[in-house]
Structures are given as C-alpha cells and as structure tokens.
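Each structure below appears as structure tokens.
Shared between the two complexes below is chain A, which has chain B as its partner in the first and chain C in the second.
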Partner chain A sequence: MSALKSLDPRVARLNIPSEIELITEKEEQDQLNTYQVFRQMNLKRPFEHVGIVHAANLELAFTFAKEQYSRRQTCSGIWVVETEKVKTTDFTEDQESIYSKIEEPENKKGQMEEFDFFHLDKRGKQHVHIGSMKAENHEMALWRAKQELELDKPVYNVWVVKSEDLLKVEEGFQDIWDTLPDKRYREAVDYKAGDKLKEFKERMNQAK
Partner chain B sequence: MSDIELKDLLYKVADDQLILGHRNSEWTGIGPLLEEDIAFSSMAQDKVGHSLAFYNLLHQLGESEPDIVAFTRNAEQFHNSKFVELPIGEYDFSLIRHFLFDHAELIRFEMLSNSSHEGIAKIAKKLKGEVKYHVIHADSMIKQLGSSTTESIERMQKALNFAMPYALGLFEVSEYEEKLISNRIYAGEVAIKDRWIGDIQEIIMKTSLELPDTKILTPEYGGRKGEHTEHLQPLLEEMSAVFREDPTADW
Partner chain C sequence: MYGSAQIFDTPKLKELENEDPVKLAEFEARIERGEKIEPTDWMPKMYRKQLIRMIEQHAHSEIIGALPEGTWITRAPGFKRKMALMAKVQDEVGHAQLLYSAAETLGKPREQMIEDLISGKSKYSNIFNYPTFTWADSCFISWLVDAGAIVNQLANAKGSYGPYCRALDRICAEEAFHLKYGHHCVISLATGTEKQRQMFQEALNRWWPPMMHFFGPSDKISVHSEILMKWKVKMASNDAMRQQFLDMYVPKIWELGFTIPDQNLKKNEESGEWEYTEPDWDEFKRVINGDGPCNTERLAVRKTAEERGAWVRRALKNPKSAYVTPLA
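Up next, the complex of A and B:
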C-alpha cells in the first residue's frame, strides 16, 4: 500500500498508509472514563460546566481539562469530577421548576457531608454552580435544597456532586492561571491577515 | 561582569526551549488521544514562546533579531543540549524527556526569577507558571504509565534508561559559570542538578520505575559548545524551511 503524501515533512516521514483500515470494534481496555469539567472565568464568577475530557484518572483529567478549557479563555480555577459521580434529576420546561417534582426520599440515612449543586437555569446553557450544603446522601441533599432554596426563577435540571468527589484546583495555583494575557498569538485575531488575503485574491483574479 | 557570560546563559536556555518546542510540536495531530494531543501541542507552543522571550532579551544585549537568531544559524552555532534535539521516538521517550527536562526547567526558572539581573528575573517570574503546569502534566503521566501494565512499565523504564545520560547533559558547566554564580545571576548547573535529582526521584518513587544511578553514568555533554548529534541539522533545515523561502516576509 502506498504511503500518505503530505506537504508537512513531519507527517510524510511517518509512512502512514494512504488507505486506512477502519476499526469497527475497540477493546474495552481502550475506552477511558469521562470526566465533567467546571471552569471559573474569574474570581467574581461562579464555576460553570464547560465540557468533558477522557482520562485515565482524576489527576490526568484535570491536566487535560486545564489545557482544553483554559487555553483560550481567562480562568481562575478548574474542578473535575468523574461523570458517574454526578447525580442528575429529570428535566422540566417553561415555568415548571424541577424542585416541584422532588419528593421526600425513603432513604434518609448517611453521614452528614458536603454536596455541591449545579443548576440549569436556561435550556441549552451550561450548569452553573450555586453553592453547597450538608446532607446525608444525594437524594436527601436535593430534598433539603428544596426546603431551603428560595428561587425566583424555575430551575430545569440539577446536578448534585459529593464535594469530596470533585477535584478542585483553585487557590495556590494562581501562577498557572495568570499566563493567558500574553498568549494573543494563540488567537486568530492577533494575525491581521485580512488585507494581505484580499490583495492576494485580487492578484490571483488578475492572473486568470 | 560583561555581557559575554549573560549571553552564554541566555543562548543555552533559549536554544533548549526552541529545539524542544519544535520537536514536541511534531506530535501535533498524531498524539495518543485528543486531549493529550492538545495539551502536548500547547506546551510545545509555550516552549517556543519562552525562547522568544529570551531571544528578545538577547536582542536587547546587541544580538540579532529573534527570527534571524532562530532561523539562520547552523547546528554548531546552537547551544542547546543534545538531549532536546533527539528525535521524538515513541511516545514513551517523548514523555520521559518532557518529565526530565521540565523538572530541570522549573528549578532553573525558580532560580532565574530571583536573579540579580532584572530583565531575566522579570521573564522568569512571568513564565514560571507555564513551566509549573508542564511539570504537573509530566508528573501525572509518568505516575500513570509508570505504574500501569507490564508493557507500559517496561517501555517507560527503557526510555528512562536511554534518556538519562542525555538528561545529565543539560547540566554541562560552562566556562562562565563561576562569574554567573558570583554575580548572583543564578546558582549554577551543579545546584540545579542536585535539586533535580531529588525532585525526579520523588515522583519515580511513586511508580514501579527505577531511577538509573546517575553517579555511574557518563553525561552526554558537548551541546553547550556547539557539538551536536546528526539529528540537529535536519531539524533546523525543516524548522526554517518556510522562513528561508522569503526572509523579508512580514508576518
């Protein structure tokens, strides 16, 4: 089979076959866990869900999340949690708040510990951290929140995470977040190529 | 103290960053998983950015423009260690190199941020946070792959054994060293190496890997004096190919 041709010498010398066999089945070992990532854009803003990374463990998930989600936006902190550790409610629509559907759980047992809450206030937007409270378990946390929270707007979906399950990287790491303002070269706007491109196109048209 | 000593230090720091940054960028698009591809590429870009900061400082000391310095010198005019010019190899080697290099780099940046030379201290302070992240990344990868499957551990160990003499070459002492130390520019290569061994040992101990005995290894010196492996010149030609098409082009 012939090798893939590329103008990039780094790719050309890899001898990648020009036709690649499609992998239809993957070994189970090949699948990494997913982790949910929350980012704080600056110290005055709440943490907000930004997306997902695949990783082999929580520490690597943070490592990936940092470059993935703070590379081009300002950032003052990142939290990550394994996806299966996030307990979610159902969804509601319009004026109906999901809290109206939360019923008193049968299981009231458990050690009191801290839970973090993320609310979805608008369909299509991301979940935003609203705070934390102590409860016996995830279900009780939701039930207690229903009693205590005074909401003026409906909440459509809630994520509840045991605080202990979240890896929170904020204070003490200020220097790793402070590096972005000098990286304008990473953004397209820093390359003022518009005029040159226009000129190039005109030259090409004239040559035709 | 004259500028000769300062320039010697700045060139080796900047050349290491430029060459390793270019090398590591070769993984862009073919990294082992998307997230790692992005992180590794981003760090490679940081390294090139660091070299620019130091080349700018050299320019202030009377050297040519950064682009000229970066793209028009031949291999024997480069002061980087042989370690950073070695081909990327398999990912095991690239990760081990990243781990060994960035631990040394972080110590170097910490020392330089306390330098008596204001310009150097300012750059080092500003960029230290990025190197700190590079070390966090390296440590998490080494801890994972150094304690994972048998194949993984064996490959990482083999890469570590191969890399170690080259890594020791990072600390090649220059003839200007004493002056730089007595003028409190930085604490010198031997001081970096001593701290480095402790730092990497601390991480290696958390894995199934073993650190080769650095006392019985012969370091791969020469790079700081312009003696390089056969791998540097082709890298330079590739890196400067676009620049040489039209050296006067305005980017």
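Up next, the complex of A and C:
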C-alpha cells in the first residue's frame, strides 16, 4: 500500500498508509485519572484552583501541572490532588452560607489529622485555599470549621482535602519557578514592529 | 487559539417539553442575572449536549490547528522564529488540554472526544483542512486566523458555562503574544524584498476564502439559534463576528500594501458595515463534510499519534486509579 503524501515532511516520515481506516473502537478506554491543580501566583497570594490534568500518578500530575499552569504566568507553588480525594459540599445560593447547612456528624471517630480547606466565595470563580485545621475525618473537619471560622461573607461551596493527600511543591523549591530571562520570545513585548511599519508607510507614501 | 464558529445541531425545541418547567425557569433566570452555570447545577439536556459539542469542537480545533503551523517549526527562518513558533504551538496544544477539561466536567470523558474526532463524528475548525505551502501561509495563520479566533473567543468568554469561561480567560491571556508574533512576521515579509512581499500576497490570496468561511455560514442561511443565544451558549451571530474581524483587520492588511482578493470588499460608510462577495458556502459544506485538501491527512495523523502512543498509556496505567470526572 502506498504511503500518505503530504507537504509536511514530518508527516511524510511517519509513513502512514494512504488508505487509513479512521474509525477506532477500543475495547476499553485507556485514559488516565484526573487530578485537581491549585496554583499560587506569588508568595503573597493564596493557592487557587486552576483546573485539572490527566496523569498516571501524583508525581506525574505535578510535572504536567507545572508545564500546563506555570508555563506562561508567574507561579510560586503548585499543589495537586487526585480528584477522588477531594470531598465537596452542596452549593448554596444568595446570602446563605454552606456552613449553615453543616450538621454535627454521627461519625466522630478517627485519628486527628490535618485537613486543607478551599472556599468558593463567589459563583463563577474558583476555589481558594483559606487554611487548614486538625480533625478526626472529613465530616468532622467541616463541623469543626463551622464552630471555629468567623466569616463575614457567605461561602457557597467547600472542598476539604486531607493534607497528606495533597502533593505540595512550594517553599524551598523557589528556583524551579523562575522564568529564564532568555524566554522573552514568549512575551508580546518582544515583538515591537512599530518603527518598521512607520518607516514602510512613509516609503510607500513617497513612492506615490 | 484557533476556535472558529461552531457548527451547532438545529436545537430541537420539542426536547424542552420533557424538562421540569420550574427548574428550567430557575436556570434561565440565573443566566439572565449574568451568573455562571457550574457542573453540578441543574441544566437542560439540550444545554449540556450543545455545550459539549461546542467546547469539544473548539478543543479539536486547537490540536488540529497545531498541525499546519507545527510543520513550519523546523523550517522557520532563523532560530528566534523557530523558538517562538514552537512556544506558540505548545500554547495551542495546552489550550486543547484546558478545553477538553472544561468539556469533561459535563460528563464526556476526554478519550471519548478524541475517538469522536478520529472517527469523523465530531468536527473541528474547517480552515485547518487547507495546506500551508510556504512560510507565509504559516504567518497568515499566526496573525489572521488567530485574530479571527480572538474575536470569537472574547465573545464566548462572556458565556454562561463557568468552566468554559474560565478556560477561555486563561487562553485569552496567553494570546497577546501570538497575535503580536504573527503581525511581526507579516510586517517582516511586507517590508522585505519583492519576493517576500509576493510570497505573502500569494498566501493571502489562498487563505482569504477560508478566512471568510471561518465565522460560519451567513445569518441568512444559518440555523436559527435564538435559544442558544438566550442561554448564552452562542454569544454573537456569525455575520456580526465576521464584520468585527473585517473592521479590525482589513485596514491593517491594506496599510501593508497588500491586496485582498475580493473586488467588492469595501466599507459602506453610511451603514458602517463591510460589503463583500458572498463566500462560496457550497465549498464550505463540501470541505466540512470531508472533501477538503487536507481532511484525510489531518485525521490520519491524529489516528497514528493515538495508536503509536497507546503503549505509553498502557505502560503508565495504574489499575488502582480509575478515571473520575473532574470537579470544575
């Protein structure tokens, strides 16, 4: 069978049969799991949810998250966690805070552990890290937060994550977030052509 | 950024009769108030379906769009252009990742979307079914196809679905460099030798018809999309976006001394609208249905990448860690 002809030398090298069958049906989907990513834009800002990545494990999720979410914007830290490990509350509306709906859990058992809290303060925005506290389990963490947090604004939704489940790469690794000075070609300011354009237009006008 | 006008199904209003009228009214009131819809909110089936289709098409356009530009990385003139084009193409593939993630929150796994792309079931921006013969074609895409996509995506960023809007905000923030880079490349050709000028003029001649197709069929013949506008899925009509693009970029093309291959193209000073020769919508339909110069190649390349990368995914797969729909 002849190979697919292409103007693209890379495609020509792939040696793809010209009569390729396009329909693929897989017996089983082989896609990887999803991980939630939180990013800190600079050391003065809290960590914020920025999106997800697909990865085979936590370390690869971090590697990919760094490429995806810190490549083009400033960043001083990234946290990743398996989606399944994030416990979420319901959503509330208007002035009602979700904490008003949190009731005392029946299960109060568990070893005291650290939990991280992410709040949604405004619909349409993303969850922001507000801190951590110790509790026996996820439900107790929410219940304790309800007693201890003094909030002046309603919170519409909460994510609770056991701190141990988060892979946190932040302080102590600051140099990995530095952007190399020779990467200015990624910035719009590196493409000034105003003078060239002005000179060209003057030349054109003179020629008329 | 490569998203163009999306191809929507004709909304079947009958489907709405099965929806809970109270919930539907609450949903519409939320959109009316300017609030975003989030993945766990109640939404009509039709809204979910149309959004998945739209965001998925946009994501496909980003990865397929990387092919005609990516081919010029190794042949870009000079080290700096190579670095810049490589960075731009990497950004576009990153945009696909962000968009697939947004679509996934609606319940369709990414792998399913990739399969639908390869089988031809799901579409991508029609303009990428045309080849990039020369470096100037790649410059046309970087400057003007990106510019067209920005017109479209800035409108969509004000839409109603939270995860899509947030992905678009991120994407738009990365775009400033692409547009400036593309313009810089074209200015270099325009102010260069006669041969360089001719090369861009030829690219412009080739790409103008697909560029006019880019925003989708004329409002006169396109599907009535009132409900999609009301739900803020579609934010501006195809003709309105085309007009905005012409208004912003025709003067910039003319100031470089190039000729746009449409004798009827002019701005009607009274109406403020651009007049142009009606694009060939039969060709548009023919190409979108598979009969364009590069359709087969684009999908064959994707399929080959999918097949030849399968062993990597299999090797990495952890049987204890199953796919979970992302949260937001």
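The rule is short, and it goes like this: the second predicted complex is superposed on the first by the 160 of 208 C-alpha atoms of A that agree within 3 Å, B and C clash if a C-alpha of one lies under 4 Å from a C-alpha of the other, contacts with A are read in each partner's own complex, and residues count from 1 in each chain.
Throughout what follows, a residue touches a chain if its C-beta (ideal position, glycine included) is under 8 Å from a C-beta of that chain, and two chains touch if they have at least 3 such contacts.
What you see is a predicted model, and the numbers here were worked out from it, not measured in a lab.
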Quiz item: When the two structures are overlaid on chain A, which partner does A:R123 contact: first (chain B), second (chain C), both, or neither?
Solution: second
Quiz item: Just chain B (first), just chain C (second), both, or neither: which does A:Q73 touch?
Solution: second
Practice problem: Return the chain, chain B or chain C, that is in touch with more residues of chain A. | Solution: C
Exercise. Considering only the touch criterion stated at the top, classify A:K201 as touching first (chain B), second (chain C), both, or neither.
Key: second
Practice problem: Please work out whether A:H138 is in contact with chain B alone, chain C alone, both, or neither, and reply first, second, both or neither. | Solution: neither
Quiz item: First (chain B), second (chain C), both or neither: which does A:A56 touch?
Solution: both
Quiz item: If you stack the two complexes on chain A, which partner ends up touching A:S6: first (chain B), second (chain C), both, or neither?
Solution: second
Practice problem: Could you tell me if A:V86 is touching chain B, chain C, both of them or neither one (first, second, both, neither)? | Solution: second
Quiz item: Is A:Q31 touching the first partner chain B, the second partner chain C, both, or neither of them?
Solution: second
Quiz item: Who does A:I176 touch here: chain B (first), chain C (second), both, or neither?
Solution: first
Quiz prompt | chain A residues contacted in one complex by chain B, in the other by chain C | solution = 9-11, 14, 32, 53-54, 56-57, 60, 67-68, 71, 183, 185-186, 191
Self-check item: Of chain A, residues touching chain B in the complex
Solution: 9-11, 14, 32, 53-57, 59-60, 62-64, 66-68, 71, 174-179, 182-183, 185-186, 191
Quiz item: Which residues of chain C touch chain A in their complex?
Solution: 35-36, 38, 40-41, 67, 70-71, 74, 80, 83-84, 87, 90-91, 94, 97-98, 101, 104, 109-112, 115, 118-120, 131-133, 162, 165-167, 170, 173-174, 176-177, 179-181, 183-184, 187-188, 190-191, 255-257, 296-297, 299-301, 303-304, 306-307, 310, 313-314, 316-318, 321-328
Self-check item: Contact footprint of chain A on chain B as seen in their complex
Solution: 26, 29-30, 33-36, 38-39, 42-43, 45, 49, 126-130, 132-133, 136-137, 140-141, 143-144, 148, 238, 241, 251
Quiz item: In their complex, what parts of chain A are in touch with chain C?
Solution: 4, 6-11, 14, 16, 20, 22-26, 29-34, 36, 49-54, 56-57, 60, 67-68, 71-73, 82-84, 86, 88, 91, 123-124, 126-127, 159, 183, 185-188, 190-191, 193, 196-197, 199-201, 204
